Amino acid sequence: MFRHTKRLQFEARPERPDPVYARKLQELIGGAYGEMTVTMQYLFQGWNCRVEGKYKDLLMDTATEEIGHVEMLATMVARLLEGAPSTVLAESVKDPVMAAVLGGMDPQQAIVAGGGALPNNSQGVPWNGGYIIASGNLLADFRANAAAEAQGRLQTARLYNMTDDPGVREMLRFNLARDTVHQKQWLKAIEELESDGLETPIVPNAYLDEENQDHNHTIWGLSDGTDGPKGGWSKGKDGLEYLTDPQPLGGPGTAPAPDPALYGTYSATQDAIGTVKGKAQAKAKKATGK
Amino acid sequence: MFRHTKRLQFEARPERPDPVYARKLQELIGGAYGEMTVTMQYLFQGWNCRVEGKYKDLLMDTATEEIGHVEMLATMVARLLEGAPSTVLAESVKDPVMAAVLGGMDPQQAIVAGGGALPNNSQGVPWNGGYIIASGNLLADFRANAAAEAQGRLQTARLYNMTDDPGVREMLRFNLARDTVHQKQWLKAIEELESDGLETPIVPNAYLDEENQDHNHTIWGLSDGTDGPKGGWSKGKDGLEYLTDPQPLGGPGTAPAPDPALYGTYSATQDAIGTVKGKAQAKAKKATGK
Amino acid sequence: MFRHTKRLQFEARPERPDPVYARKLQELIGGAYGEMTVTMQYLFQGWNCRVEGKYKDLLMDTATEEIGHVEMLATMVARLLEGAPSTVLAESVKDPVMAAVLGGMDPQQAIVAGGGALPNNSQGVPWNGGYIIASGNLLADFRANAAAEAQGRLQTARLYNMTDDPGVREMLRFNLARDTVHQKQWLKAIEELESDGLETPIVPNAYLDEENQDHNHTIWGLSDGTDGPKGGWSKGKDGLEYLTDPQPLGGPGTAPAPDPALYGTYSATQDAIGTVKGKAQAKAKKATGK
Amino acid sequence: MFRHTKRLQFEARPERPDPVYARKLQELIGGAYGEMTVTMQYLFQGWNCRVEGKYKDLLMDTATEEIGHVEMLATMVARLLEGAPSTVLAESVKDPVMAAVLGGMDPQQAIVAGGGALPNNSQGVPWNGGYIIASGNLLADFRANAAAEAQGRLQTARLYNMTDDPGVREMLRFNLARDTVHQKQWLKAIEELESDGLETPIVPNAYLDEENQDHNHTIWGLSDGTDGPKGGWSKGKDGLEYLTDPQPLGGPGTAPAPDPALYGTYSATQDAIGTVKGKAQAKAKKATGK
Amino acid sequence: MFRHTKRLQFEARPERPDPVYARKLQELIGGAYGEMTVTMQYLFQGWNCRVEGKYKDLLMDTATEEIGHVEMLATMVARLLEGAPSTVLAESVKDPVMAAVLGGMDPQQAIVAGGGALPNNSQGVPWNGGYIIASGNLLADFRANAAAEAQGRLQTARLYNMTDDPGVREMLRFNLARDTVHQKQWLKAIEELESDGLETPIVPNAYLDEENQDHNHTIWGLSDGTDGPKGGWSKGKDGLEYLTDPQPLGGPGTAPAPDPALYGTYSATQDAIGTVKGKAQAKAKKATGK
Amino acid sequence: MFRHTKRLQFEARPERPDPVYARKLQELIGGAYGEMTVTMQYLFQGWNCRVEGKYKDLLMDTATEEIGHVEMLATMVARLLEGAPSTVLAESVKDPVMAAVLGGMDPQQAIVAGGGALPNNSQGVPWNGGYIIASGNLLADFRANAAAEAQGRLQTARLYNMTDDPGVREMLRFNLARDTVHQKQWLKAIEELESDGLETPIVPNAYLDEENQDHNHTIWGLSDGTDGPKGGWSKGKDGLEYLTDPQPLGGPGTAPAPDPALYGTYSATQDAIGTVKGKAQAKAKKATGK
C-alpha cells in the first residue's frame, strides 16, 4: 500500500515559462526511458521478486521514489506552460516570429490537457507497457535497470543542454544525481547477485553444459569489416573467437506444402508449375468437404 | 548492402508438427526481446555508431547474424504448423479433447498467414519500434544489448522446457549458445569501452562534477522494508549510503492558474470557492476576444 | 512524494492456484478500465488540478489507493500461478484434458514474466497512456472517472462469477466495495462542482450563448427506428426535440484541387476527364522547378 | 445498413487556408475524444444493445450523425490545406518566417495524404479501438458517452479560440451545439434508465448486498492533504465517510516460490542466501527431465 | 451525411451459438484486412478524392456498404455468443473437456463487451488507423483496395472452412460474393484510370524521365537463388533485366562526428582510440557553455 | 543467412545538413510504406512462400535489397543532422527565426538517438508489424506489394519536391528508379501467376461457384451520387451491374438476450420496461449460484 505527501521530492520551479521546452520534457515522463517506465518496471519487478529481503526492498524503495519523479516532471511541465498563448488574439501570437517559435509546442498539452502534462513522449506517442520488463530473474532485470538508468541519464544530460533556465537546470542536476545513484546501485546489485551465489554471469545459469558447445564461443563475422577481431572479445579471453568466414550450418529454409484449405499458392511439382492447379483444388474440395 | 544465402544458419526442423508450440515460439520472433528486436536494435546502433572500427564491426556482424535468426524461427514455425487442422471436417478436430488442445493455437497463423509465422509476439501483439534503442552512446547501448540477450536467453530456456521435440530442442540449444556468446561479447565490449578510455562507468560521463553532489550517493528508503541497507550498495563502497527516513526537499506540487481560454476548472480565491465563476468567465471572454 | 508499506491494502490469497483465471485477472490490471488506468488517470488529474483543496486532495487520496490495487492484483496473479506446469514433463500436462485446459493460459505470464503479472490486459495487449484523460476541467474529468469506476466494477462483477475460489472472491468483494465508494464519490463531487458554482452541467460553461442556437436542442433521427422520440429526452424537458426527417444543411463535401506537386489524381475539367493530364503535368513541372 | 448523401450535415468552408490549424483539427478527427471515437463507440453500443426501443434507437441515430461529423472535419482539413506549400520553390517558403511557421504543419498530411485528412490525432498517433467501450450495460456506457461528449466539447472550445477564421468558427459553433445536445441527451438517458427501473446508481446493480460492507462507504485518506474531508462526499450524505489514518488490512505482498523451470532468481532459505543455488539447480534439472 | 436502416444488408443468424468461432470472426471485424479497415479506407479516400464523378461515387457507394458489413459481423458475433457460459457454475463448464474447449474463447468478449463484438482482431489487438491509406492518388489507392479485398476474401474463405454452421456459411457466401465484386471493380477502375488518361502504370507518373535511368530496369540478385531470372520479369519484356552479381554503388555507410553536446561515443582519431576522451569532453564543455 | 558489406547500395551524402528535412525522411524509414515495411513484408513472404523457384527467389532478392535501403536512409538522416544545434547556446539558436525553423525538427532524433535515425515515421510513431502482410497466397501478396511500391514511390516523389539539395535529390532519383522497377516486377509477377495457372484473377480461386451467385456481380449504389454507373465497371463488362436503389436483404440487426451473469442492461418484455428488473436479478442470482 502507498501513501503520498504533497511536497515534491525536489523543487521543480522554472524561472520563466517555456512552452517549447515543455514538449521536450515529455520524453522524460512518457518516453521509453522516462520516469513512467522506471516506475512501472521497478514496481512489477518488486511484486514479482521471489527473494525476500535486500533485493526486493531495494526494488520497492526505488520504485516508490520514481513515482515521485513523474510528479516532479508533470509539475514542471504545468509550470513551463504558464501563460503559453492559447488564443489567436494573444499578443505574442501577433508577432510572426513568436508564432513560428510556438509552432514547436505540443498541441495536445493545450487541446487535451488544458496546460498540463500528458502520459506521452516528446512526439506525442502514449507510454505503453511494452517498454518494461519484470522477468523474475533478477540478474536479467537488473541489467535492464542499469541500462534504463543509463539511457535516462543520457537523455537528461541532452535536455540539460537545451535550456538555460536556472530553475529547470537545478531540477535536472538533481535528476542527473539520482540517475547516477541508480546506475551505481544496480551495477552493485548485479555484482552482489553473483557474490551471493544466486546467479552466474550468463543468464540464466541453466543449460550451460547442454547448450551447443560448438557455437557458444564464436563470433560470426558476417559483415565485411575487418576490425571486429581486434576487440578484446576475440582474443581468447572469455573463450571467445572470431570466425572470419562462417558458413551456414543448416539446409535451405523451405516451408512445407500448405494445407489446401488455407489457399496458399502452391505447385505440387516444382518442375511443372502450372499443371497442378486442378489437383490442388480437388484436394482442397475433398479436405473441406465441399 | 546485404546479401542472402538460402541455407539457414542452423537447422530448424522439428521431428513432428506442434501447432500449439508454434504460437509460443512467436515470442522469440516478435516479442520485446525476440529476434526482430535484436536485429533492428543492432542495425540502428551500427548505422548510428560514430566510432569506426571494432565496435561498429561487432555491431554489424551481430546484427547481420540476427536477421538469420528471425529466418530460422519463421521457418521453424511454418514447419511446426504442417498439417495443423484448418477445417472443421479434419479428423483431429472431431476428437473433442484434440479440438480443445487446438484452442491454444494462434488463430492468425492460420487465418492471416496461411500456416506461417507473423511479426507478432505469442499473444498476437505486433512487434514495434518502441522496443529498440540506438542512442549513439555505446556504453548505454551495450548495456541494453547485454540486457536484451539475457532476457532472450531466459525466454529461450523457458521455451526449451515446453517442448520435448528433439529437432526443436536441437535448434534451441544452438540459440542458447548464441545468446551466451552475445551476452559475453557485450559484457566484454563494455569493459573495453572503459579500458579504451572512451566511457566511464556512469553514463554519460558528463556533468559528474556539476550534478547535485548532495544527492548522487544516497538511496532513499521509501518503502518500509528494513533489508535494503543490508546490501553491498549501502556499505559505503562506491560511495552509496541508505537514507532510512528521507524527507521531501521541494515545496508542494502545485500547478499555476490556467489560461482562462483553456477552460480548466479554477477558483481565483482558494478560500472562497464558488464565488469566482463569473470573474473567470469574464476574464475568458476578454482574453478570447468574445 | 510517495511512501510504501509492504502490507497489502487487503488480502489477496487464493485458496488454490488457477492459472487460467490468472490470465483473466490481467484485464483488471492492464485493461482499459483496469487499475493501472485509474491510478494514472487520477495521478495526472491531481497534478494537473488547479483548484487547491478538497478536489485535489480527493484526487490524490484515491490515486494513491489505486497504486495499491495494482499491487494487490499483481500479487494475486503470482499466487494463482503457483505450481502452474511450465514443462512438458509435468504430470498435469500428461493428461490431455488438463493439457487442453492449460491452453487457456497466458503464455507470456510464463515465458516473459516467469510466473508473474504483466502490464497487459487479458488478451496480452500492453496498457497505454491513450486510456487516460486529465483535461484540467474537473467536471469533464470527474464524469470520466465515474464512468471508469462503473466499467471497472462491471468487469469485476463479471470476473467474480468466473471463479468460485473463496480467497479470490473475498478480494473481489473488497474491490467491488471500493468501486462502489469511488462511483459514489465522483458522482457526489460532480454535484458539488455545480453547487460550488465552479461548473455548470454543460462542459465547458463557455460559448453556451454563442454556439449555434438552432442546433443545440435537436436530436437528429438518422436511423429508421421510431422509438427514439419516446424517450424523456425528446419531450421538451431539458429543451430537447427529436427531428424525424432531418435534412443536411451543408453543400456537397468536396475537396479543392490539389497542389500538383503532391501528385494526387485530378482532372481539371470534370466534363472532360482524360484530356488534362498533360496540363496537370506541365503545371507540376513548373511548380516544382523541373 | 447505411446510406449516404453527398451533402454535408453542416457547411465546412474556411474563409482562407490555414495549414497549421489543419494539424490541430486532427485532434477532433482521430483523437481519443474525436469524432471517430464517438462514431465507433455509439455504433458498437447500438449493435450490442439488448434493449430494443428508445435506447437503441437513440444510439443508432447519434452514431449515424457522428459519421457525418468525421466527414465534415475531413472536408474542412482538405480545404484548410488548399495551396499549402509543398515544394521548396514555393514563394511562401522563401520567406524564412513563413517557412518557420510552416514547421508547425503535420508532415504526413502532405507526404502521406497528399493534402488531406488522416485517421490520426494532432500528434500523428493513429486512432485505435482501445479508445471505445461498449459493455452491454447501458448505464456504464451512457456515463462514458456523457464524459466523451464533455471532453469533445471542451477540446472544440479550446480549438475555437485558436482560430479567427469566420468559416471555421461557424462550423465549430455548430459542433459546440451538437456536443451540447449530446451531453444533455446522455445525461437525460441516464436518469431514464433509473426511472425505468432498468438500472440503479451503482453499476452494476449486482452484489450490492454481498460486497464487503465494511469498506463500501469509506474514503481512504492516503495523501496528506487535509481538505478531502471537507467535501460533501464525506458528510455522511450518501453514506460516505473519510478515514484520515487508514491502515493496510492485508499481509505482506509476497510472491510464492517460482517453478524452477522458469529460472526466476530464488533462494530457498531467506537466512542463507547463496547456499541454495546448487539445490535449486538440481530441482530444476529433475523437473525438466534433464 | 449518413442515414441508417435497422435491417441488415444480409441475414446474419447462426443455427447455433459457437463462442470459440466468435473469437475467430473478430479478424473480419477489426483485423488489418477486416471490415473496419475497408470502411475507413474508402471513406477517407472518398473525402480526399479530387476527381468529382464516377470514381468518387464508387468510393462513397462502397464505403457506405462496408459500414453495414461491420454491422452484420458484430451482430453475428453477439448471436454466436448466446448462452456462452459466463459463470463457473454453468453446467457446460463442469465437463472438463467442454471447459477446455471454452479456453479458446475471447475473454474480452465476456469481460469487456458483455457478450458482444469488440473493435479488435482475433488476438484482441485493437483496430488502428495505421491499417488504412488515402493518398489522394487514385491509382496507388485503388491498388491498395484491390489488395485489401483479396486479403479479405482469402481470410473469409479460410474462416468458411472453420465452421459447418449453415447460417454462418450462408452469410459468408454473401461476404465472399461481395469481396469478388469489390476485387473486380477496383481492378476495372485501375484500367479505367489509365484509359481515361489520368494515370499511367507507374505511380506517380512524375519523374519518370528524371529518375536514375541506369537503375530503373534492373533487378538485383542479392540472394543466391538462381531461379529469379527465369521469371517473365527478366526477359526484357517491360524492359526489366536481372543482375546476377550486383555491386554496391555507394561508399561506406558512415555517420559524421556527433555534436559533443549529445554525448555520443566518439574517438577523434580512429587510429588512437582511447586518447581523445579528454579532448571530446573539453569540446563538449565549451559547446555547452559549462 | 545474410551477409553485409559496409558499402552502401547507392551514395547517400547531402551537400549540406538539413535537420528539418531529416524529420520528413523518417516517413521513408519507419512509415507504413517506408523501407522497414517492404523489408519485413518481403522477408516474411519469402519465408512463407510455398512455391520454390522463381517467385521465392524474387522475393528474397528484393527483400535483401530493401534492408540496404533502410541503411541508406538511416545514413542520410545522420548526415543531414550533422551540426544541428543541440544546445541553447549554439549561435544559430540565438537568431529567433532560425530557432523557429528548428521547431520543425524531430525532438527524438536529438534526445533519444543522439543525432541519428529512429525506427519511426515522420510524426514519431514507431514502426509496427501490423503494417505488413504475408498470407501465403502469392496473388494477394503481390497485389499488396505493387500497392506498397506505388505508395512508396508517391511519397518519395513528394519528398523530392521538398528539398533542393543536390545530394539528397541524387539519392532520391535512385530510390524513385528502384520503386519503378519494383512496381513493374510485381505487376509482371501477378500476370505470370495467372499465366502459370497458379492463380486466377479473383483471390482465392476457391468458392467461386459456391459463393452467393445473386450478389457477386452487383455494385450497390448506397450514396446518392449518380455518376457511379457511368464507370466501365457497370457496363456489363466483367459482368458487373450497378444497383441504383438496393434494399437490405436481412432482418433487423438485433442481439439476443444476454447472459444475466454479464449484467448487461435488459428488459425481458419490451412493452413493459421497468417491471423486469427483479426477475432478471433473480435469474442472475440463480445462474451464478448466489
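Each chain carries a letter (A, B, C, D, E and F) given by its place in the written order, and its residues are counted from 1.
Operating definition for what follows: a contact is a pair of C-beta atoms (placed from the backbone, for glycine too) under 8 Å apart; a residue touches a chain by one contact, two chains touch by 3 or more.
Owing to the predicted nature of the structure, the values given are computational and were not obtained by experimental measurement.
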Common touching chains of chain E and chain D: A, B, C, F
State the pair with the higher C-beta contact count; candidates are A-C and C-D. C-D
Which of these, A-D, D-E or E-F, makes the same contacts as A-B in over half of the contact pairs? E-F
Is it true that over half of the residue numbers where chain E touches chain F are used by both copies, so same, or is it different? same
Based only on mean CA positions, could you tell me how far chain A sits from chain F in angstrom? 25
What whole-Å value do you get for the distance between chain B and chain D if each is reduced to the mean of its CA atoms? 26
Pull out every residue in chain D that's touching 2 or more other chains. 1-9, 32-33, 47-48, 52-53, 55, 60-61, 63-65, 68, 71, 75, 78, 86-87, 89, 97, 100-104, 110, 112, 114-116, 120, 123-126, 128, 130, 133, 135-137, 139, 154, 157-158, 161, 164, 195, 204, 206-207, 210, 222-223, 225, 248, 253-258, 261-264, 288-289
If you connect every pair of chains that touch, what shape comes out? Choose line, ring, star, complete or other. complete
Of chain D, residues touching chain C in the complex: 5-13, 32-33, 52-58, 60-65, 68, 71-72, 75, 78-79, 82-84, 86-87, 89-90, 110, 114-116, 125, 128, 130-131, 133, 135, 137, 139-140, 143-144, 146-147, 150-151, 153-154, 157, 160, 173-174, 176-178, 180-181, 183-185, 187-189, 191-192, 195, 201-204, 206-208, 210-223, 225-233, 237-240, 248-259, 261-264, 287-289
Sites on chain E touched by chain D in the complex: 1-9, 30, 36, 40, 43-44, 47-48, 60-61, 63-65, 67-68, 70-71, 74-75, 78, 112-120, 126-130, 132-137
Over in the complex, which chain B residues touch chain D? Could you list them? 154, 157-158, 161, 164, 261-263, 288-289
Which residues, counting only chain C, touch chain B once they are in their complex? 1-6, 47-53, 55, 86-89, 96-97, 99-104, 106-108, 110-112, 114, 120, 123-126, 135-139, 193, 195-199, 204-207, 210
Listed in rising order, the residues of chain E that touch chain B in the complex are 20, 23-24, 27, 31-33, 97-98, 100-104, 121-125, 154-155, 158-159, 161-164, 222-225, 248, 253-258, 262-267, 270, 273-277, 281, 284, 290
